[in-house]
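Paired with subunit B in one complex and with subunit C in the other, subunit A is shared by the two complexes that follow.
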Partner chain A sequence: MNAEQLIFYFFAALVLISALMVVTMQNLVRSIFLFFVTLFSLAALYVFALADFIAVTQVVIYVGGVLVLMLFAFMLSNKELLNSLEPIKRTFKLNHLAGIFICLSFLFILVSLIVQIDFSGLDWIKSAAPILEGDNTIHAIGMHSMTRYLLPFEVLSVFLMMALIGAAHLARKGKKI
Partner chain B sequence: MIPLSHFLIISACLFCIGLYAVLTKKNAIQILIGIEFMINAAVLNFVAFGRYDKENGGGQLFALFAIVLAAAGVAVALAIILNVYKHFKTIDPSKIDKLKD
Partner chain C sequence: MNFYLTYVLVASALFAFTALFTLFALYSERKISAFIQDRLGPMEVGKYGSLQAFADILKMLQKEFIIPTAADKILFILAPIIIFVSVYLGFAALPWAPGLIPASLNLGLFYIFAILSIETLGILMAGWGSNNKYALLGSMRSVAQMVSYEIPAGISLLSVVMISQSLNLQEITIRQGILTSEAVNFLGIWDVKAIGGILAWNVFQAPHLIVAYIIYFIASLAECNRAPFDIPEAESELVGGFHVEYSGLRFAFIFLAEYSMMFLVGMIGVVLFLGGWNSPLPNISSVSLATWTTGIGWGIFWILTKTLCVVAVQIWLRWTLPRFRVDQLMSFCWKVLTPLAFLCMLISGIWRLTMM
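Coming up: the complex of A and B.
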């Protein structure tokens, strides 16, 4: 096992363990801060798929924008939870059992499907020239977003403006919603 | 070089963790975090397959689009959560059962 695989599986384990801790932790503030760890290590996994620009975007948008927004919303809506930082008493509920069952069966279906498929034998993967370590992916992303994917790019910009106006309209003070 | 199936298994696990959060949590922000996990699992799949799509660059471009869409969705969802909290004084989705007061 070389260094690349070692680092990859370390970050993969970090993603899964921290995600599990986020969903099982009783203390909500800690679970939101652990969400940082998950997103950072996911960005590391994107680097291993040779998508360095996506990794940087992940760090900028999620860690810089989404998480700060979530912390804001959390602290504005859960004052009584912030006062009592002691963990709430752990109670086992029946609906959690059903949720766990659904998730595990879904995971079983997905993993058994992935294990059965022979990806290296697929035609389009065999014929494709994969992205190599030295390639300039940022250059390619810039070229593609202005030529082949121009329409999705522009639709996305209009959508972002709509979301911005909508969020500002929803969050403003006043009786009318 | 990491095989493709390992990426897919990691993203399948992440998707199921997000599904668990969506199904069982009693707090709207935690449900939102679960949805974020599921979106990130999809982005990981996009990126892993995008490695074999060099000439079109579809995987990486649409991973980028999905991240931006998720960010816009979170902004709107948090604005809605704050409004719901102002109105109902709780963000437990099972207690919010009226469309109009």
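Coming up: the complex of A and C.
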């Protein structure tokens, strides 16, 4: 095993362990901060896939945006409300059975799909040009989002505009509301 | 194995630089503030108080680590490390001289912008972990301010990227001097590719970038929590803001992060707007000053001089202007800076299509 593989498995393990701890941890603030570890090591895995733009975008959007928003929501919420949250009981109950069943069936579908697919034989993987380490991927991303994916790009911008206007409308001091 | 050694050497050199710069900035901040307020400043330790910063560091090292009983210990201990490392990682993509850059990333500018956003997380961590209402209030103010001022800063940087057509900081710098292979036009009309110097800087290539630079400079002051945007640390209201509970070396790390951040945002501004490591002296027919003063040593000299000038302006502003109120701060960001930055970006697009 060379150094690169070692680092890859280190980050993969970090993603899994921290994600598990985020779910099971009782302390809400710590679990949000642990979520940062998950997202950041996921960005590291993107770097290994030579998707550096996605990796940096992941850090900007999730760490700089979503995570700070979650913390704000947490800190601005009522303290009484947080105290009234019951700690998760670890005993098994009958109504957990449905959840366990759904999780296991999803796991089964995923695993069976991965086993069935022959990744190296897929047409779109064979025909695609491989990305090299020094490639300037942002040029390609820019070109594609302005030509081939122009419609989704514009729809997204309209959607974000709607969200912005909606947020401004909710936040303003209205006479009617 | 040799390149691993280079990585370690480069990283330690950058760390040594940030530490040295902080010492220097501490002393100069005291002396400049003393000059502005018409007093002498530190005079006791060393000649003209020149060893004062070292004495301060010695004092910091000796202090005890105090963790408040009610604090969240893990978050409290980790926060200064995260704050410092996020700023320190930003130095990895900054160009120092022609061919001298720790990591020449295609995404350089975007990377720095992303890495700096982690600092907000560290500040929130410090504020929450201290379990102190002043610390929490300070960190909330700080994050609200940093998140809002990232928008005008980011958009004014984008208007440069639209002119330069690259996110690689080294390429952006090369395009502002005599080493470029593309056309460089002063104010969009006069070809100054062979003349170089101050005429080829981005702010003079497209004059609306002067406005963009002023927007970026104001926003960068807010991002490193410097006066007039220092409500997160307002001593008269919040004792000391998010770092009120920290002592000793942990406080030193927060301080180190703050001063490194000043240098970092100053250097980003210099690289993008003020020619980076390019010489300000132009070639005048046979007296080719620009060609003589371009090189690795000169590059480091120019970028250091320019950035230190920007840092000096930051210090000067801190001791001249009073503090903003929170509502003034927010309305200034959203109602003045953001629309102006959008306007700059629009002009950049039109400039790129028509003038270049």
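Heads up, the rule we're going with is that the second predicted complex is superposed on the first by the 146 of 177 C-alpha atoms of A that agree within 3 Å, B and C clash if a C-alpha of one lies under 4 Å from a C-alpha of the other, contacts with A are read in each partner's own complex, and residues count from 1 in each chain.
Assume a contact is a pair of C-beta atoms (placed from the backbone, for glycine too) under 8 Å apart; a residue touches a chain by one contact, two chains touch by 3 or more.
Source: prediction; values computed, not measured.
Novice: Using the superposition on subunit A, tell me whether subunit B and subunit C clash or fit.
Specialist: By the criteria stated at the top, subunit C and subunit B fit after superposition, with no clash.
Novice: Is A:Leu42 touching the first partner subunit B, the second partner subunit C, both, or neither of them?
Specialist: Only subunit B is touched by A:Leu42; subunit C is not.
Novice: One more residue to check, A:Val63. First (subunit B), second (subunit C), both or neither?
Specialist: Touch partner of A:Val63: subunit C, not subunit B.
Novice: Of subunit B and subunit C, which one touches more of subunit A's residues?
Specialist: So, of the two partners, B touches more residues of subunit A.
Novice: Could you tell me if A:Phe33 is touching subunit B, subunit C, both of them or neither one (first, second, both, neither)?
Specialist: Second partner only, subunit C.
Novice: When the two structures are overlaid on chain A, which partner does A:Phe53 contact: first (subunit B), second (subunit C), both, or neither?
Specialist: After superposition on chain A, A:Phe53 lies in contact with both partners, subunit B and subunit C.
Novice: For A:Thr137, select first, second, both or neither according to whether it touches subunit B, subunit C, the two together, or no partner.
Specialist: both
Novice: Across all Cα pairs of subunit B and subunit C, what is the smallest distance in the superposition, given in whole Å?
Specialist: Nearest C-alpha atoms of the two chains are 14 Å apart.
Novice: Let me check the overlay on chain A: which residues of subunit A are in contact with subunit B and also with subunit C?
Specialist: 53, 57, 65, 72, 137
Novice: Across the complex, what residues on subunit A touch subunit C?
Specialist: On the subunit A side, the touching residues are 27, 29-30, 33, 36, 52-53, 56-57, 59-60, 63-65, 67-68, 71-72, 75, 136-138.
Novice: Help me check something: in the complex, which residues belonging to subunit B touch subunit A?
Specialist: 1-10, 12-21, 23-25, 27, 29-30, 32-34, 36-37, 40, 43-44, 47-48, 50-65, 67-76, 78-83, 85, 91
Novice: Residue numbers of subunit C touching subunit A in their complex, please.
Specialist: 72, 74-75, 105-107, 110-111, 113-115, 117-118, 120-121, 124-125, 128, 136, 140, 143, 147, 150, 167
Novice: So in the complex, the part of subunit A that touches subunit B is made up of which residues?
Specialist: Contacts found on subunit A: 4-5, 8, 12, 15-16, 19-20, 22-23, 28, 31-32, 35, 38-39, 42, 45-46, 48-51, 53-54, 57-58, 61-62, 65-66, 69-70, 72-74, 76-78, 93, 95-96, 98-100, 102-104, 106-107, 110-111, 114-115, 117, 119-120, 124-125, 128-131, 135, 137, 140-141, 144-145, 148-149, 152-153, 156, 159-160, 163-164, 166-168, 170-171, 177.
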